[in-house]
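The letters A, B, C and D name the chains in turn, as written, and every chain counts its residues from 1.
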C-alpha cells in the first residue's frame, strides 16, 4: 500500500479523498499531541491510528482537548497495525524505542518520520558516541531540516526530524556559512533558551511548577546531544566547527530562542548581513527576518522561524537570534512540513 | 553631621542608638522599595526620609506593603532636607537626576550611595561616550562591587553601586583574570537573562504582562551601557577586553543569570577551575560556588551570588554562570552591604 | 452595498468570491488583533480596512505577527471609509467611541458588530445607569450571545456582542433557568477569574508584569458593569435575579473561568443535572460538557465554552463552572460566529 | 527534658541560650523547608534534627538553599531521636503518618505541632468521616488558629495547626459571627484560590509546569476536607453552618486568596462593617485590614492575613476577602507563631 504514494509525482490532492494514511506512535507526549492536532485537521491525510507505548488507559485521559478534532482512542503500540494501516508513520517515542521500531517499519515498506534523535547523526562513529541505542541505520534516511533538505526529504524512506535546538540554530547560521563568513574552525557559541514543554511530559522535580516558576538555569552542561547535530550540519554546509552549546530552561510553556555568537571570517557590516539573509531566505514562507531581536511569543503555534542578525560594532562579532515554537517548527509542524514534501503536497498544507 | 560617622573607626553599634541617619531619594521604584524594606529593618541605622521626584501622592499609594515596616510617608525630593537629616543618602534615581544631585550632596558633606549609572565609569572619555549626562565627578568616588573594593568603599564619599549585570559578570569572571586564564584581548561573551523588574516600574508595552508572559527576547542589542562597566573593571583587574554583552528579558519578576563564555589563555581542567574559584572566594559569605549551573530561584531575596564554572571538553572554552537577585545583590542589598562598610559595621548587617 | 448581503437568504459562499466586505475599527487592542487574525483567514469574507483611533504609526508597529496573514496597514479611523468599503463593521473601541460611531454607521446602511458594552443593555433606564455614554440606540439591535439568539442575530442591523463574563455565565446558568431550578429571586453568586488580557492593552501599574505576576486579587468590587448584563439576560429567560458578581485578575494572559453558585428551587441530583445540561446543549458544537471542573487551558484559542455542573451534597447548592478564552468566545470569535449568522454562513466558518 | 519548658511561665529567653530544642519531621516538603528556614533563624530555639520519611539521600539534594542557614543533614525519621533530642516536634507529614506518630510523641512527653489534618477535627464522628486514618486523639490538643486560640495553644501538648484555607476563611469571617451578622444556618460560600505549592512537592501531571501554566481550574469539588474545619470553627464561634467551599489552582507558586460570600442576618453598611472589623482586630499585628481587595503578592513571605470586607449594595450580601501566603500564615509561620505561644515567647519571634 505504501506504493500508492509517489512523492515525486504531482500533488495527489483531490476534493474527496485523502492521499495518504498516517499514524502516530507516541501519541500522548507533548509532541505527539501536537501531531494529532495537526494531522486530524490536515486536509490531505487520514489519521488512522494513535498509539502509546505507555499505559494507554491513563494516557488517553490526557487527551480531552483532542476529542473535538479526532474521535479515535489511543491504543497500545502495535507494529503490525502500523504496517497494515499506515503509509507514513510518525514516531514521537524515546530514542531507544524509535531506534528499534523504525528500521522494522522501513523494512516493511512503511515510510517513517522519526522525531527522536536516533537517526539524526549521519556518521556511524558519531552515532556510536552520542546515540549508542541506534544499532541499525535503515537505507534512505534524510535529515529533515526542511528548508535545507527538500530533495532528500521528498525521496526519503525515513526522515530524521531535527532537534528543536538544531532547527533554530541551523536556520540562523547557515546563511553565514554560505556567505563565507563562518569558516571551518570558526568560533561558534549557541546560548539557547527553551520553555518547559521541551523537557517532556514526564513528571519530575525539574518540571514541577514551583521549581520552574520564577527561575532560569542552564542544563545539560557541557555536553548536550544536540551539539553533535549542529556540528554535523554546519560541516556539511562547508564549515566544520566545534560549537559550544548551552541550553537553558525558562518559565514559559512553549517557545525557544537561540542566541548565536560567531567570530566572522572577515569584517562585514549590518547592510551586507541584512542583504545576505534576505537572499538566503527569499521565497521561504516559514522564515521571517526582523530588524530587532525576535521574541518567541511572536511565533507561538506557528511553523515560523524568526531570525535577526546583528553586528557588534565594538568587536566585529556577529549575533544571530532564531526564535521558534519548540513543539511546532522544532518538532511537530516541521514533521508535517516534511510529510507534505514526501507526499508531493503543498509545503504548508495543514500547518498554516 | 556627616562627621559623626567615622568609617575607619571601630564599629559604633550600640544597643540603644543607631550609628547613622540614612535617607532614600527615589523611593517608589522597585529598587527604592527594596531599599526602604532593608533599611527600615536594619538594626544600626535610622531611616529619616524617603523621597520621590515624581507625584508623591500617587506614589505613596504604591507602598502599602511597607507600612508594616516603616511608617513614614514618601515626600517630594528636597536636597536641603537630605543634607539636614541624613548622614548617608541612597540615590535610586534616573541617571540624569543622580548626575545632578550627587555632587551637590557630596559638596555639602553628605556621603552618597548612588544606584544609577552616572558615576560608574572612571574614565572621563568613557563617561562622555556612555553617560553624557554626568557633567561633574565628585572626589572620593568608589566603584561599589563590594567583594572587590572593600577598602575604597569604606573610605568613599560617593559609592557608585554597580549595575546588576556587571555585578554578576565580574564576580563570575574575576577569578579567571587573577589566575591568568582570562588575558588581555581574550574573547568574552556574556549572554544575560533578567526578570522584568530589571526594566523598572514605569508602565509600557514592553513590561505589560501580556507582552512579557510566555516570551523571551534580547534587548539593547548590540550596545547596552553595562558593557562599558564590564570592560572597565576587567581591565583594572589586568585583562583589558572588549566583551560582547547581550541581555534578554524573561517572564519572571526578580532574578538574573549571566552565562559567560571565555576562550582561556591555556588549557585547564575542571579540577583546577574548581580550586581557583574556591581559593578566590574563600571566606566570602555572599558568594556560593556550586557544581551544577545555578538557578536564580535559589538566590531570590538574598545578597548571594551563586557561581559555577565549567570547561567544555570539546572546545576548551570556559562557561561560567553567575546567578543573583537583580533587586538585591544587583542593586539594593549590595548598596546596604556597601553602607555597612562605610559605617564600619558587619558587612551582613540588615541583609541576611 | 450593504444590500448585497441578505442574511436570511441561503448561504452565499462560492469558491471564487467572498460574500462580504468587513472592516475593523479599533484594530490594535487585544480583541482587535484577534479579529484581524480571524478575519484575514476567514474563507468567505474580505477584510477591507483596519482602523485605529489612536496614533496609527505607533500602533502599527505592534502588529508584526499579523503581517503574514494580512498585508494591510492600520489607518486612522474614518467613518466615511467604513461606510464606503465595508458591508459589516466590527467595533472594538471604548464604550464612548462605539456609542457615538455605531448609530451613524447603521444609519448609513452598514451593519455593525459592536464589541463594546454600549448597546448590550436593552432597557433605557438600565443603560442610563450603567452606560451613560450611550445616547442613542439604533433600531435592529440584537444581543449576540450566539447560542441563545440565533434568530435575532441573523436579522440584526447591530449586534451587541456580549461581555466576556456574561458569555461564560449565561451559558453556564441558562439551562438551570429553563429547567426551573433557577427561579426569580434565586440566590446567584458568580466568582469570576480572568487573565490579564481582559484588562486591555493600555499600559498601567495594574497590568505591569511585576504587579500581576504571582498575584491574584478581586477588582471592580462590588459593582462591575457586566453584572447588569447577567441580570438582564437571566430575567429574559424567566428568572429575574440580582446576582452578586466578583471578577478577579489572574497571572495568565488569556482565559476566563466563572464559578457560579446557585441555591436551586428544589432538590435535584447529579444525574438530573447531567441530563438537563446534555439536553440543553445537544448539537451545540461550541459548548462542551465535562464531568470534572474545566480548566481554561483546554479552551485556549478556541470558540468553545466548557461547562461542568455539580451538586454540593451537603448543602444542595449547585456549582456550575464555565471556561472560555476571553479573547475568543468572550470577544472576537463569538463576534465572527455572529458574523457568520448575519451572512447566512456556516456558524463555524473561520473559527474552527 | 520536655519538663524544662513551662509554657505558662514567663519568657525564658536569655541572650546566651535557646529556650527549647525543636525538630522537624517531614523536612523536605515545601512546608518542611519553610519550617527549617524559619526555625534555623529563630533567635530562641535550637533546631536539633530534621527528618524525612522518604529517601533521605535524594531529599537532601533538594536543600541547597538551606545550607547557608542550617548546616545539618536530613536524616531518616526516628521517633526515638525525636523524643531524646527535642522538646517540641513539628510534624509536616502526610495525615496518616502524623496520625500514627503524634500520639506516641505526646505519650513520651514531647509537645507536638502537627501541620497535617489528622487532629484538627474535635468531634470523633467528624474525624471518623473525614480523617479515618486518625485512630487515637491525644489529650491536650488545641486547634492552632493563633489569633483565636491563644490560651489553649499556650497550654497544649499537641497543636493541630489549621489548614491553609480555614486559616484565611476563619480570620475573614469570625468578626461577622461575633457581630451577629453571620448566624446559625447562614448562607456561606467560600471560593478559594491557591498557588501550586499548596498541592505539595510530589511530581505529578497536575503540578507539571505545562499543566498549571496559563490555567485555572477548580479541584476537590464538591467535598474538600478543609470544609469540615471551617464548619467546626464557625459553629464553635456560635454559628453552625454548612459552608460551600471550592478551591481553585492558580498559576503562581505561593499565595492564597479566599473570596467569601455571606448572606447577613440583617442589613448593614460599609461603615458598620469597617468598624466591627477594626474592633475585632485591634492590636493584632498579623492581621491587616484594607479598603480594597487584597492581593496575595502583598503578603508573600509574611505571617500576615490581609482582609477587606464589602457590602454589595444591590443584594445586601457581604463579600469578605482574606489573603495569606499558604506556606507561611497558612502553614509554617503560623506554626512558629504557635511555638512562640507554647514557649511563652513574643508571638512574632522569628517570623517578622
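Worth a mention:
As a working rule, a contact is a pair of C-beta atoms (placed from the backbone, for glycine too) under 8 Å apart; a residue touches a chain by one contact, two chains touch by 3 or more.
Not measured: the values here are computed from a predicted model.
At the interface between chain A and chain B, over half of the residue numbers appear on both sides, which makes the contact a same-residue one.
With respect to chain A, maximal separation of chain centres occurs for D (centres as means of Cα atoms).
Taking each chain's centre as the average of its CA atoms, chain A and chain D sit 48 Å apart.
The mean-CA centres of chain C and chain D are about 41 angstrom from one another, to the nearest whole unit.
Once the centre of each chain is set as its mean CA position, chain B and chain D turn out to be 37 Å apart.
Looking at chain B, one finds that residues 211, 213-214, 251-254 touch two or more other chains. Residues 30, 62, 196-197, 201, 203-205, 207-214, 251-254 of chain D are the ones that touch chain A when the two sit in their complex.
Chain contact summary for the complex, chain B toward chain A: residues 187, 189, 191, 193, 195, 211, 213-219, 221-223, 227, 242-244, 246, 248, 250-255, 257, 259, 261, 263, 292-297, 300, 310-315, 317, 319, 321, 323.
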